[in-house]
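Both complexes below contain chain A, partnered by chain B and then by chain C.
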Partner chain A sequence: MTPSTSSSGDNGADPSGASSTPGSSGTAATGVDAADVRPLLEDDGSRDDPALLKWLLGLLLLPMGLALALGLRGAADSRDPRIPDLVAEFLPETGVSNPVTGVLLNFRGYDTLLEVAVLVAAMVAVWSLDRGERLFGLPRGRDLDEPVLTAILRLAVPTAFLTAVYLTWLGSSEPAGAFQAGALLAGAGVLLTVAGVLRPPTAAALPVRVIAAGGVAGFVVVGISVLPFTGAFLAYPEGWAYPLILGLEAALAVAVAVILVELFVDVPSIPVHDPALDAVDPYGDPLGRALAPDPVPPEDEGEAS
Partner chain B sequence: MTEPSLSALLLDGLVVLLLVGLVFRLLSTRHLFEAVMLYVAYGLTLALAWVRLGAPDIALAEAALGTGVTGALFLNAWHRLAVRSGKDDDLPMEPES
Partner chain C sequence: MTSLDLYTWAGVAVFLLALHAVVTRAHLIWKVLAINLMGTGVFLVLLAAPARRDPLMADPLPQGMVLTGIVVAVAATALALGMALRVVARTGSPFLTVETETADPDPDAPEAPS
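Then we have the complex of A and B:
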């Protein structure tokens, strides 16, 4: 939505015009026409027969479920039987002893690269919901005067932190890795944020962006810098695989943790009950505020009316 | 592959039944808050199922991502809806008839 509003005589009676070009009608404060706002929680009066709907849905879902089950069975039968042996044969060359990590970080490193890129994109998408201007997404922290919460935080947060470091390191030999470690770190971060101890900045803060992009950037830098030695993207030179993988996993864990916390922090802030917004958005559309355009300057408004 | 013991079979069957029961309740409840709580319980039970299937790494990811972070996001969304509509107690999914 463009911040500069068109002043070419649109009016509130035309729903499409009102929603795309906020203008002179009574809803100029937010540019959302009350008639356009679909009820989210309230009753809109329309009713389908719920029992009939349920049966129809069941009739539709049953063959779908059967087809899925059969398809999954077929997929399990048709997988290449040579793959486990191939992975086992070349595992010593990956620098790690856990086959899952070997596949994810060495054989198919670019898959993991793209996975983290998707996470970064998700963060940017959530961040853009609120036009990405706020530096802090949640209200100011408060003093903890709740003994139970304090006790839980004192136990859970250091344990989660320690476990995350351990999981990152463990990933090279046992089933674990950067994503699990990052998720655990993010859990600790969300816990601290919700408790009001931590007040993480949104993705508008440069350090957040640098760390969040660090996982992908590390992958790309490593992938390109090994090119002169091995001639292939992300093909680690002999003897370098283990330290490179461990370093990438550490960067990934931190990046994943920051991105997941940002998914939590960057959503448009929990709004205080605003009666002015009720006039245009009586149903509490969670995006109502985020989608509202910039306030129209006074001279613009005069021109429109 | 050794023959699974009876107690292991019983435990696995219990987990499966619990999963199906939780999903049914989760999808049929009329209360958002209850649905969120059931979703968290479902995620933890699913993590248990992954452990039983011998995939502790996926169990970890399910517990941390699917339950912890997603549950927190759902709670956040529920809170937004509660604050926005001016009542902090339970929100019905549909108006009670």
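Then we have the complex of A and C:
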């Protein structure tokens, strides 16, 4: 199974071919060819469980599925039916008219606060996996030479931005909100990053840290600052619920967008196995970055029994 | 059997199919995607089960929980994929290998003088 086409389509405008030649480690900051990485990730299924085991497991899962489905039916019939009515009854006090937003940002504000904290934690964890170069983005100083892509970006990115603002505002009355808006913004950000227009800031960049932490920080600040008025964490004073929720949603949307883009662009870069490179630096990769020398057992002796 | 029952059954089916893939597939990205899909099955059940009582009035509580869960699942999947790529970067292989022979004493080693 060979990679479908040569990579000339992607790199047609790049006569230097800097992506995988050994001598260019100084300049090849980014731009790993997907075709070079693909063989590393190929899966012919030979390491999967044998077919007999697969069928056996399938048979085993059938009664489990039956039990789960029947049990869930029973659970659905026996649950407390008052919750929707309770939410509907107290919805006017939340400051918003969309019950889901009311649950997320008022009744269950703790959940949303911790959810954003989980996002920040995931971003930090992905950062800690790899502080090296990125898989995406053009090297600095190179122009985007793709007329179709440029035209699409000019249409899609402003539209996405505008729609995200609208969705954030709409969340108080209709099914929408900060996370939908954040996902849309993140989509625009990923598009810009893959196209090479937006050079993703490094993990150490202060603006990224401030914005990403802004969602959690905003929640905590609001939660504490309402304490003197209502006596409870995240219990909004009367009349203040709507502006506070809207402000929190705006901060959340931006924070979620930045975190999602960071999660996307901060994937660890994959070194392409190249014997010529091994001769120069056994732990190096085409990105010119040295990997820490982990003790890797030699491949040809791993099969010995 | 209503259409909401169908959603519950579909959620269970998605969950179990994904569980099957987690166990039998060796490729790390298969495993990560399958775990993500297991979560999707759970979300489907969570959304369908409470609506059985009154299909016209959805329960906003599970909807909020699922919305939260989707975001957390995205973050967890991104982290897992990052870790899988790190494994590829370190070992050159997208499979987890079980090392069984690393602790073997070398039989050809010269005997210690007695």
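Everything that follows uses one rule, which is that the second predicted complex is superposed on the first by the 206 of 305 C-alpha atoms of A that agree within 3 Å, B and C clash if a C-alpha of one lies under 4 Å from a C-alpha of the other, contacts with A are read in each partner's own complex, and residues count from 1 in each chain.
We take it that a contact is a pair of C-beta atoms (placed from the backbone, for glycine too) under 8 Å apart; a residue touches a chain by one contact, two chains touch by 3 or more.
On a predicted model such as this, the values are computed, not experimentally measured, just so you know.
Novice: Under the stated touch criterion, which partner chain does A:226 make contact with: chain B (first), chain C (second), both, or neither?
Specialist: In the superposition, A:226 contacts neither chain B nor chain C.
Novice: Please indicate which partner A:179 is in contact with in the superposed arrangement: first for chain B, second for chain C, both, or neither.
Specialist: After superposition on chain A, A:179 lies in contact with both partners, chain B and chain C.
Novice: Could you figure out whether chain B or chain C reaches more residues of chain A?
Specialist: C
Novice: Touching A:87, do we find chain B (first), chain C (second), both, or neither?
Specialist: second
Novice: After superposition on the shared chain, which partner residues are touched by A:190: those of chain B (first), chain C (second), both, or neither?
Specialist: The first partner, chain B, only.
Novice: Between chain B (first) and chain C (second), which does A:102 come into contact with in this model arrangement: first, second, both, or neither?
Specialist: In the superposition, A:102 touches chain C alone.
Novice: In the overlaid three-chain picture, which partner chain does A:260 touch, first (chain B) or second (chain C), both, or neither?
Specialist: both
Novice: Which partner chains sit in contact with A:113 here, chain B, chain C, both or neither? Use first/second/both/neither.
Specialist: In the superposition, A:113 contacts neither chain B nor chain C.
Novice: Touch check for A:167: first (chain B), second (chain C), both, or neither?
Specialist: First partner only.
Novice: Do chain B and chain C land on any of the same chain A residues, and which?
Specialist: Touching chain B in the first complex and chain C in the second, residues 40-41, 43, 100, 177, 179, 260, 263-264, 267, 270-271, 273 of chain A appear in both lists.
Novice: Please output the residues of chain B touching chain A within their complex, sorted ascending.
Specialist: 55-57, 60-61, 64-65, 68-69, 72-73, 76-77, 79-81, 83-86, 91-92, 94-95
Novice: How about chain A: which of its residues touch chain C in the complex?
Specialist: Chain A reaches chain C through residues 40-41, 43, 47-49, 53-54, 57-58, 61, 64-65, 68-69, 72-73, 75-77, 79, 81, 83-84, 87-88, 99-100, 102-104, 108, 111-112, 115, 118-119, 122-123, 125-126, 129-130, 177, 179, 256, 259-260, 263-264, 266-271, 273, 285, 291, 294, 296-297, 299, 302, 304.
Novice: For the complex, give me every residue of chain A touching chain B.
Specialist: 40-43, 100, 167, 175-177, 179-180, 183-184, 186-187, 190, 194, 260, 263-264, 267, 270-273, 283-284, 286
Novice: Where on chain C does chain A make contact in their complex?
Specialist: Residues of chain C touching chain A: 5, 8-9, 12-13, 15-16, 19-20, 23-27, 29-30, 45, 49-50, 52-54, 57-61, 63-65, 67-68, 70-72, 74-76, 78-79, 81-83, 85-86, 88-95, 97, 99, 101-102.
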